Structures are given as structure tokens and as C-alpha cells.
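The two complexes that follow have chain A in common; it is paired with chain B in the first and with chain C in the second.
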Partner chain A sequence: MLAGSGVSLLVPFVGPAARAHSAADRLAIVALGFGAPMVLLSISYEVLFYVCFAAVLFLWLVVEWHLAAYSAWAPLADGATQAPSHAQRRQLQLSDVRIGYFFLFFINVAYFGTGNVASVASFSVASVYRLITVFSPFLMGALLIVKITLPFFFLAAIFGILTRLVGLPPSCLFVLVVSAVDIMTLNFFFLVRDTVRVGRIRCRVAAAGH
Partner chain B sequence: MWGASAVAWPPRGTERCRACGPRWQRGVQGSWLEIGASISHFIIASGFIVFLTGLFYLSHLLVGAAVEVPNALALYKKRQM
Partner chain C sequence: MNNVGVLPLDYLQPDLQFQAQALATNARQIYAQYARKAGSSPWPSPRRGRCAHAAADGAGAVRVAVRAHTELKKESHLFFAPFPELDEQRAATELAALDAALAGGQYPDALQIANGLIALSLRGLHYYQTYASRPSRWWVARGPSLTGRKPFFFPCRRPAPRRYDWAFLRSIVSAGYLGWIAYTLAFMVRSFTVWGNDGVLLMRAPAAGRTPPPALSRAPWIAAAAVGAVAALYLAVTAAPPLYYVYIAFPIFFWAAVFAEARVWWTPLRQHARRGGLARIAGVAAVFIAGMEVLVATYFERRLLTAMFYALAAWPLVWPKELRRQRAYLWVAWSAACCLTAQFTLLPVVSDEHTHLVYVLLTSPWATRRQSCALAADGQGDGRGSLGAAQALGCAGAGARRASAVRHAPPLDRLGRRQSRRARRDHRRRHRRAGASPATAPRRGAPATHAWCALRACARRGGRPAPSARWWLPRRGRSTTPRPSSSAARACRSSTRPWPGSRWVHARPVWSEGRRQR
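Let's look at the complex of A and B:
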């Protein structure tokens, strides 16, 4: 059963349909391909979250695409004779920060969507009973982690499409997001404390000396 | 601990009362718990970058270079017609 489920997870991405060259086809394949294990691994409402999450991400993609088209179209309204030549492969703009921000926002949504990722330790075993009935904690934990990370995978696919849809080089928006997270990490790095003021402990040590 | 010397308990008691003094004299700030929590936050934030890198490579796997993406300029041209 587990092997069959693994095959059903892999088939959409290695089969003949994986050679779809249209972005919409590829997105549909990715969403439905991750939908199958999501259905298998969910109990009640998690599939509804996945469907709504995919729909919102697709809407986000369409909105950003139209905004990018508008920004390519706006110079013409100001009297320019033809579209800017860098429209095919442009550089980063200030408005791209919005895309990175929304990416981080959707990562948050995916994190807290089907229950907190940090609460894997207190999972309900019933969601993996369809695939494995004998209790084995590591395999069950791995399956639960796969289930929790599936929305992230679809978000990654949407982000990859979106980066190229707005005419940026593939790693451009990713570097933007990582630099934002780097600032956050640097903030946490400077918040790290390495000293203890041993007021109370010193008292106890002095009392032991008596 | 208590059986070692019975005369040791009065000073120990006074020290304990001193340890329960006003809040600004107690060593609440900078406890081991806070040190551990701050280091954990930093490690989680660093691991988030690794996770993001994994997502990036996964997006390359899922929507590879072979996928034809309609450029924003194509939408503009469609609108112009």
C-alpha cells in the first residue's frame, strides 16, 4: 500500500504528462499530483485547506501577471512609441519586494494551515492508518512530514512560474526573499545572549560555603 | 545536605531570604532558558534559509526550464490587438 502510494506520488511527475510545456498545464499537474497523497494522508478538512490554498496561490499568480503586464504597458500610455526592450528579461524593481513579501506570507499560511508544523510531535496517528497499520513511529513521522510539506511544494512551483512570468531571471526573486530572511536571521543573531547574571545562584553558592 | 551540620541552616535561611529579594536583585535576566531560547531562534531562522534553498531547487525540478511561460509582454500585445 505504501509502495503504491509512493508510485502514485511519482507518476504525475515522471509520466508522459510531465512533458507538458504550458505553464498552466504544468501547474495543474503539480497541484493534482500533490493532491493525491494529500487526500490519502488526510482525515477530514485538510484537503479543503489544500484546495483553497492552491486556488489562492493561482489567483496570486494571475494578479501578479496582470500587474506585470500593466507595468510593461504603462510607458506606452505616456507616449512611448514601443514597449521597453527589457520587458523580456528585466531587472529587479522596488515592486518586486511585494512578491517576495507575499511569498513569505504564503509560507506562513502553509506553515499554520493544516495544523502547526511545530506540533508534529503531537500528531494524530489516524491520518496515516490508510497507508500503514503497524505502529512504527519513524515511518509515520516521515509520512506526516510529507503531508505537512505538500503545500510548500506547490507554493514553490507557483513561485518558480511567477518568477519567470514577470520576466525575471530564475533565481532573482529567490535571492530577494533569502536576503530578507537573512536580515531576520541577523536580527536573531544579535539577540543571542551568552551571559548569565548569577544573582540567585551566587547566593546559594555562598550559603553552601558556610 | 541537611544532615551535614545542623548549625548551617540559619545562614542558609538568611541567604535564601536574600535570594527572594526585590525583582531587580534577582538574577531573572539572562537565565539559561533565555540563552537556549535565543540560540534556538537563531538556529531556526538559519534552518529556514536552508529550507528555502530546498524549495528553490524543488521549484526547478517541478517547473523545469522546458516549461514555456507566457511573458507579461505577450499579455500586453494581446491587449493591444
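Let's look at the complex of A and C:
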């Protein structure tokens, strides 16, 4: 079973499928390829979440593409046969901040959609029991982490394609996001406390173990 | 720091003597922790003779671990101020009063005194905890201390409690983060806006057709070196831990880099300001930061994401009107998907199994097939007998469609509209006669129909990409610059346009050149 799931995870990304051509094909392969382990590892509504999340992301891609067509810069050349050179790529605009913000928002959604990624302990090990019946913490933890990060993979794929689709250089929006995410980091830095009541910790441990 | 828990008296049996003695022991223990931090003796002199019983029942063992902790701190800090509320004298009187109350049987008084001592000790512990927790050994060990004596310019006799390191660390780390933000922004301006350094870190060669970014200036680096030297000297004098040098290096480096690139970001900013675009930038930045604060709040309240999704569902309201009119399905699909996904953050976090859901998802295609077979067999539509309720739920829709096909009812399209297959075929034939490829034939109906047809066409081509557009391609765009176009695309565009005014029908994703070129 475990081997089967491993194969089902790998098959879409090796062999002829990996050499898919258009962005849409590739996105479909990524979404469905990550969908297989998601189905295997889900114990509740995770698959539904994954499907809805992927749908929203795909529609986001389409919408941004359309909006780029309505902006001053035209996103794609008619019948272009090569990737746009440096001169053809457009410059960063103020409206691109929106894409960066949406990306961060979707990261949060993937973060809190089915649980809290910050504590793997809050995820149920029951989802791994179908594949591993003997307790082995490292393998189980690895599988849990894989399951948790699956929506992030698809989000990353969408973001990468979107960056090119709106005609920006590859790492451009990523730099914007890295810069913006430090605003959040600063917030959390100022929320750090050096004291906590023992009762609170106990509550959290109880909630995590529950 | 641990072992500073306060005894929960409510859980103890309501024997006042027992409570008082337990809490007194607790107070002594916490005070011993404080005394270790403060560098004073845990059992001050007036009490020393009488503490034999306390030492005997284990609390005195703490004394072994106590070392003169603050003596080092006094030497290594420029402006050291001990915790003013609880010095050795006060502690001695409190402990003596506690002992007297216990001995005299005044247990409520003993409880009160012990509680007060615990609160004071905890506050003092917090005070010392937020000091630098690690005094330097080497500075004190090597010769006389620079700051061993009290500086003569010390302003007041009883210094107010200050939390030096907390404020220091916070400001340094915040400056580092702000510097990093500014640095990445400057990098973005240099690489992706008006200048031609296309995301290249070290290479200064401009990309084709772009202006090279202006040269760096050296003055900020010299200033940074000076500031760094002063800061390092300060840290050495205050005997800060080595990690502090790293903390202080980051903001200096980043801000120096930002100011070295001042001309890179200052020139475009000034041009923007002349054109009156500064207010727009400030507005966007303010909205963005507010949005980030909301995202921070979602870490504490998961349901905020639901509200944000509902707000996103209303996003089509600010789209261009043309887009909303021409691509109605797009905004409908977007809003529906947003509303659907919004529900998940309202659900409880996944911790239990709900196999019914999995069962429905896994078995619905299989169940559909079985049910349709059953339907075809008895022709009645009552093939549900052997299936569970969950499966029936999952496949009811598909079963209904199959049932209609079995009864030779006129086929419905995906929207449920009556449309004969022949009508659709004729429509596409007419289109093919006009000269376009069948895959570009405009399709009526829902996006699901489009996607399905595209998928079938793709399968017919053996998985190769369509030579033409997908249904989700933008319909029109306003191109300001002439774009290079291949002759085939130009010919196709000039001859037939499936959609009037369409420019994007023949656009293909530019990175999709795989097998076609081979």
C-alpha cells in the first residue's frame, strides 16, 4: 500500500507526463498528481478542501490573466513562439502588489484550511494508519508533513505560472512576497512573550493531544 | 527559569494550617530562585539560625546552587540597577514575619505574607530575566573592570526599574527587519522596475533596452563601518553575549546597503512624486499593511479567513465592466468557488475520522457505474437497493443523467438545457466550413462543457496540446506595443476570428514549446 502510494505520488512527475507542454496540462498533472496521495491520506474533508482550494487557485490564475489583458500591458504575444526576452518583459507595477497579497492570503488558507500547520501534533495520526500499521514515528511524521504540504505545492505551481503569465520575470513577485512577509514577522516578533502560565501550556498540550 | 509555579490553594484540602505551611514553603522556594538571580543569599542573616527545619525538609537544598550571580552583572553593565522592590533587607523582614505568623498560628496572616512574597519574587525574577541572562566571564577575568565602580554621572539615587536588554534587543531586531524590507524593496526597484538589472544580484550589466542602474556610493559603507565599530565597542564594554554582535551586524549591513543604493530608488521615487504618484504609493502601502495585519489576525481567529473569502467573492464588482459582461461565467465561478472554500475555515480542525465523506468520494464513480448498469437492466431507475445511503448521495446526480439517457429523453447539456446533439454538431460543422479548426469552434454552455470538450479533443490528439486557444484565454487585450507574431497566427487571425474582435484566441502559453518544436 505504501509502495503503491509512493508510486502514485511519483508517476505524474516522471516519464512522459513530466514533459507536458502547456501550462494548463502541467497544472492539471500537478493537481491530480498531488490529489492521489491526498485521497490516500485523508480521513475527513481534506480532499474536499483540496479540490475547492485548487479550483479557487485555478480561477485566480485565469482572473489575473484576464485582468492583465485589461491592463496597459498586453500579457502574451499573439502566436509567440519563444519566451519573451528581457526587453519584452514588463516592469513591476503598483498593481502587482495585489498578486503578492493574494499569494500570502492563499498561503494562510492552505495553512488553516484543515488544521494548524504550526503544530504537526494537532494532526491526527489516524490518516497514516491506512499505510503504516506498525508505529514508526519518523515515517509517520514524514507522511503527515507530505499530506500537510500538498496544497502548498499546488499553490507554488500556480504562483510560478502566474508570474510568467502576467509577463514578469520569474523571481519578481517572489521577492515582493519575501519583502512583504516580514511585516508579519515583525508583528509576531512583538507578540513574543517571555512568560506563560503553566495552566495555559497544559491546556494547549491537552488540546493538541485531544 | 522553571520551578516558579504558584501553589493552587483551591485544590488543597481546606485545612488552614496545612495550606499556610505549604504556601510558605512555596514562597521560600520561589524566593530562593529570585535570590539566585539577584545574587543575594537565599537565607538572609536574621533568619539563618532558624531555618534549620526549612533546610531539613528540602527547600534549603536550593542554597547549594546559589552563586553570586549579580555581582558579575553589576560589573558588566554600564548602568546596572538592582530590582528595587525586593532587596535583602526587605526579604529578611518578610521571611521573619512569615515564620512568626506560622509559629504563632496566625495562618491567614501567613497566607497573606507568603502570597505577597511570591508576587514580589516573581516580579523580580521577571526583572532579572529580561536583563542579559549571560554575564561575560572573560571580561571580568582579565584585569580590572572598566565599569566596576558606579559611574559618577549616574543620574538618580534610586534608579527606576529598566529593562535594558529587552528594549535594546527589540529595537535592534526591529531595525534589522525593517532594513531587510527596505533592502528587498531597493533590490526590486533596481531589478524589476526602471533599471535594467534583471534580478541579477552581482552583475551590473543592463538587460537589453534598459538603462543600467546608477553606481553604488561608498560613503554609506564607511559610515556603517564606523557605526559598527562603536556598536561593537559598546557591546564589549557591556559584556554582551556573542550573538548580540550578530544581531547588531544585520541592521547596519542592510541599512548601509539601502543607502548605498540611494540613487537607484531615490530617482524613480522623485519622478513619481513630481507626477503626483506619491499619494497613490502611500495609499497602496497603507492598504497593504492593513491587509497584512488582518492576515496576522487570522492566526488567532481562523474564521477571519472565511470573511476574507466572502470579500474576495465580491471582487468581481471592481473588475472592468467589459470583462464582467463578456466573461460572465468567470465571475460566477470565482464567486461560487470563493463561497465554497470559505466554509472550510468554519469547520473544526481535522482530528477525527469521518469516513462517510471519504466513502462518498471514493465510491461515487464506481457506484455510478454500477447504478447505471442496474438502471439499464431494469429500466426503472430503482437500482439503488444494494448501495448505501452515502453512495446514493454521491451519485444521485449522475444517476439522474444516466436515467434520462436510458429513457431516450432529449439529452441535456451540462447546464441542463435542452439542446440536441445534432444541433451542436451542426453548429460546429458550420464553423469548420468557415475555415477554422474544430477545436476553436465556439462552444455554448458552461465552462465545464468547454473544459470537457477540450479534454476530449486533447485525448484525440494523443495528449498533444491544442494548436489553438483554450476556453479560459482572455478575449481581448489592449496591446500598446506591436508584438511579433508568426505568419500562421497572422493568417488565421485575418481570415477567421471565432470571436469578433478577438486577439487572444491564438495565443499559446510561451513556455509550452515542448514536443512541437522537436
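We take it that the second predicted complex is superposed on the first by the 162 of 210 C-alpha atoms of A that agree within 3 Å, B and C clash if a C-alpha of one lies under 4 Å from a C-alpha of the other, contacts with A are read in each partner's own complex, and residues count from 1 in each chain.
Please note the rule applied: a residue touches a chain if its C-beta (ideal position, glycine included) is under 8 Å from a C-beta of that chain, and two chains touch if they have at least 3 such contacts.
For clarity, every value in this text was computed on a predicted model and none was experimentally measured.
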Which superposed partner A:His66 touches (first chain B, second chain C, both, neither): both
Partner chain in contact with A:Thr185 - chain B first, chain C second, else both or neither: both
Touched partner set for A:Phe13, first chain B, second chain C, both or neither: first
Contacts of A:Ile43 with chain B and chain C, given as first, second, both or neither: second
Which superposed partner A:Ala156 touches (first chain B, second chain C, both, neither): first
Chain B versus chain C as contact partner of A:Val30, first or second or both or neither: first
First, second, both or neither for A:Ser124, with chain B first and chain C second: second
Contacts of A:Ile148 with chain B and chain C, given as first, second, both or neither: neither
Partner chain(s) touched by A:Ser22 [first = chain B, second = chain C, both, neither]: both
Per-residue touch tally on chain A - higher for chain B or for chain C: C
Residues of chain A at both interfaces, chain B in one complex, chain C in the other: 19-23, 65-66, 68-69, 72-73, 83, 87, 164-165, 170-171, 178, 182, 184-185, 188-189, 194-195, 198, 210
Residue ranges of chain B touching chain A (in the complex, touch as defined): 8, 11-12, 15-16, 18-19, 25-27, 29-32, 34-35, 38-39, 41-42, 45-46, 48-49, 52-53, 55-56, 58-60, 62-63, 66-73, 75-76, 79
Residues of chain A defined as touching chain C within the complex: 19-25, 39, 42-49, 52-53, 55-56, 59-60, 62-63, 65-70, 72-87, 89, 91-92, 94, 97, 101, 104-105, 108-109, 112-116, 122-124, 126, 164-165, 168-172, 175-176, 178-180, 182-190, 194-195, 198, 210
Residues on chain C engaged by chain A in the complex (per definition of touch): 5, 126, 129-130, 170, 173-174, 177-178, 180-181, 184-185, 187-188, 191-194, 196, 198-199, 207-210, 280-281, 284, 288-289, 291-293, 295-296, 298-299, 302, 305, 308-309, 312, 315, 319-320, 322-323, 327, 330, 333-334, 337-338, 340-341, 344-345, 347, 349-355, 357-358, 361-362, 458, 463-466, 470, 472-481, 483-486, 488-490, 493, 503-504, 506-516
Touching residues (chain side chain A, partner chain B) in the complex: 13, 19-23, 26-27, 30, 65-66, 68-69, 71-73, 83, 87-88, 152-153, 155-157, 159-161, 164-167, 170-171, 174, 177-178, 181-182, 184-185, 188-189, 191-204, 206-207, 210
